[in-house]
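We just call them A, B, C, D, E and F in the order they show up, numbering each chain from 1.
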Amino acid sequence: MKLTIQVNEGPYQHQASDSAYFFTKAALEKGHEIFRVFFYHDGVNNGTRLTTPPQDDRNVVSRWSELAAEHDLDLVICVAAAQRRGIVDDGEAERNKKDATNIAPGFRISGLGQLVEGGIQSDRLVVFGD
Amino acid sequence: MSETKKFMYVNRRAPYGTIYAWESLEVVLIGAAFEQDVSLAFIDDGVYQLVKGQDTAGVGMKNFSPTYAALGDYEVTKIYVEKESLEERGLTLDDLQHLVWEDEDDDWAEKDSIRLVSRAELAEVFSGQDVMFNF
Amino acid sequence: MSILHLVNKSPYERDSLDTAADYMVDGDAMLLIEDGVYAAMSGGKAASKISGMKVSVLGPDLAARGISEEKLVDGVTVVDYAGFVDLVESNDKVQSWL
Amino acid sequence: MSILHLVNKSPYERDSLDTAADYMVDGDAMLLIEDGVYAAMSGGKAASKISGMKVSVLGPDLAARGISEEKLVDGVTVVDYAGFVDLVESNDKVQSWL
Amino acid sequence: MSETKKFMYVNRRAPYGTIYAWESLEVVLIGAAFEQDVSLAFIDDGVYQLVKGQDTAGVGMKNFSPTYAALGDYEVTKIYVEKESLEERGLTLDDLQHLVWEDEDDDWAEKDSIRLVSRAELAEVFSGQDVMFNF
Amino acid sequence: MKLTIQVNEGPYQHQASDSAYFFTKAALEKGHEIFRVFFYHDGVNNGTRLTTPPQDDRNVVSRWSELAAEHDLDLVICVAAAQRRGIVDDGEAERNKKDATNIAPGFRISGLGQLVEGGIQSDRLVVFGD
């Protein structure tokens, strides 16, 4: 089956991103196709490379980056939600005159249409949040 | 996969205390361009989103409630409001905005968008959907 | 020493108002802010949870949600942010029921 | 078309399990994850809300919270993340009661 | 202002679903160095924090529950657990970790840290506090 | 009276930061002293200068920065919470080998002791969160 995953909360504060990660990993291991992982609301905060979690804790952000690299996942951060919360790539930095970027490897910023398309193109949409 | 899907947006949160209501509406507006068969459901605290007379000047936030009245123009015409949730909160349809759409197949007659349904009826509507969006 | 009990969540969504109400003792006060203000609407099932208690609601949060003051439970006082500050001052400490 | 109802919040803190349970119709299934798993502990007041329904709980979330499987309400099935994926596949769609 | 204040940390959330429980504990540990009169209260879902036998291997998160047992070493010895919250959840003290501290004024005798109190009793304890920390 | 304010949630997702801001402003207008505003949990996300909210919405971050400049407020971001969530100043960037910073003007990163000290030094602690 073809899946789109939606993540509504950032790393660490809520378990949502952890649950979504383990679900996505399990789906891949079973041979399912992940059409897209869409980060919405505070979920966009999963896409910052600036986190430094404690040594004895998991690294939520780099775990997503690594899973994306391994399985060629499409990790999409909602642009409107990202602008409100300060997740920036090169294009956004230029457009909004920001002096830094913080996006993590494997993530890209795009529009809400990517979520709607996920709903249309996938067999299932699974939403993780607060 | 190219045929139209039935999209149901389920709204269960009050407005302003959290952003979910507003960012849900943003998906609905963007999604309208994709010409799917769209419905919205307002359950639990989600019914508060439609309460009329919202005035956000004192909290410094954008009042997005007028956007609901524009949904008809986006061809979003099926807005389910759950009766039990309204009643539990001491609300009636009169407390909510009057949402309408114009039916081009009926000489642009103005028709009500809001469908007051029971929990059991809405559960049946859910059964017939293809994709649930949750806010 | 008196406590100002702060409740910011809808009584229909969360358990915080229930617990806060149980923890109110003589001399304490309660302030409803953000989605907590819904508890003060008369006609709602949650209204009974605060009846007879010393309860205030934050006016700007009421207005944002379209609740006119006539719809409030009897005895509930409306305050603005300045009144919120005064409530914090007139009680010995604040307990936020997050 | 069957729905998998996903509940991730404690039934003591939020209203989501109550609503999800009301929306279960014949053929639907429910999966409790994260803090939602507390609903499946026998002896708790919330246990009655899921009795007689087709309910699964996510094992890793149970273990994290120190709930042994003997403490579960009768009839509740324990699944791992792979089982979670299977539940998503075997139902026609997913409704997350956030 | 230089005298000791009575600090009460109120914990109402389950562990792991959100980080509040763990980041609350981090404040308590740091705060211990300030030598205030510290108490912890576990109410509502907060009582789940103390449940024994937590094993987080399957969710990939750090198991912080052993830290509660170390609180005695930080001279945090007053841990109030609310009876009504336990009962509602079908829990008894036997389901929780056994938390102790050593009383240096009593020849280092090991004493229980957990005080099982009713909601009404805990409300009285709250009345006597100076500062409430809320998690 | 002397106040310490604690903010537990980031901008936009929850009203907590808005409520804390208006409360702080009202307290200042009444002549009270703000000993400190402490940003904890996801509250640290209020301290990023990378946000670009929509033109017709308030700017939660710059509002705090401006209030701090006007009243010489001490806006403290918890370092442990900030590391988990990716809020970085120059010192943190150097310490954790990050290639960018995102802290907003008027905010500083420090330890949890600053919150405890707020509890000791202030007449009231007021907590805003989810």
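As a working rule, a contact is a pair of C-beta atoms (placed from the backbone, for glycine too) under 8 Å apart; a residue touches a chain by one contact, two chains touch by 3 or more.
Labels paired with UniProt names: A, F = Hexameric sulfur relay protein rDsrEFH, subunit E; B, E = Hexameric sulfur relay protein rDsrEFH, subunit F; C, D = Hexameric sulfur relay protein rDsrEFH, subunit H.
Just so it is clear, the structure is predicted and the values come from calculations on it, not from any experiment.
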Least step count from chain D to chain F, where 1 means the two chains touch: 2
For chain A and chain F, chains touching each: B, E
Number of hops, chain A to chain D, where each hop joins two touching chains: 1
Chain pair with the higher count of C-beta pairs in contact (A-B, D-E): D-E
Greatest separation from chain D - chain, by CA centre: F
Reference chain C; chain at largest CA-centroid distance: A
Gap in Å, rounded to a whole number, between the CA centres of chain F and chain B: 35
Whole-Å gap between the CA centroids of chain E and chain F: 27
Averaged-CA centre spacing for the pair chain D and chain C, given as whole angstrom: 33
Residues of chain A touching at least two other chains: 8, 12-13, 15, 22, 41, 54, 57, 80, 84, 125, 127, 129-130
Residue list for chain B, restricted to those that touch at least two other chains: 16-20, 44, 59, 61, 131-132, 134
Residues of chain D engaged with two or more neighbouring chains: 8, 12-13, 15, 34-35, 60, 80, 93-94, 96, 98
Full enumeration of touching chain pairs: A-B, A-D, A-E, A-F, B-C, B-D, B-F, C-D, C-E, C-F, D-E, E-F
Residues of chain F defined as touching chain A within the complex: 10-13, 41-42, 45, 48-54, 57, 61, 80, 83-88, 92, 96, 98, 100-102, 130
Chain E-touching residues of chain F, taken from the complex the two chains share: 40-41, 80-81, 84, 111-113, 115-117, 119-121, 125, 127, 129
Complex contacts: residues of chain A adjacent to chain D: 1, 3, 8, 15-16, 19, 22-23, 25-27, 29-30, 32, 124-130
Residues of chain D that touch chain C when the two form their complex: 12-15
Residue ranges of chain D touching chain E (in the complex, touch as defined): 8-10, 12-13, 34-35, 38, 41-45, 47, 59-61, 63-68, 80
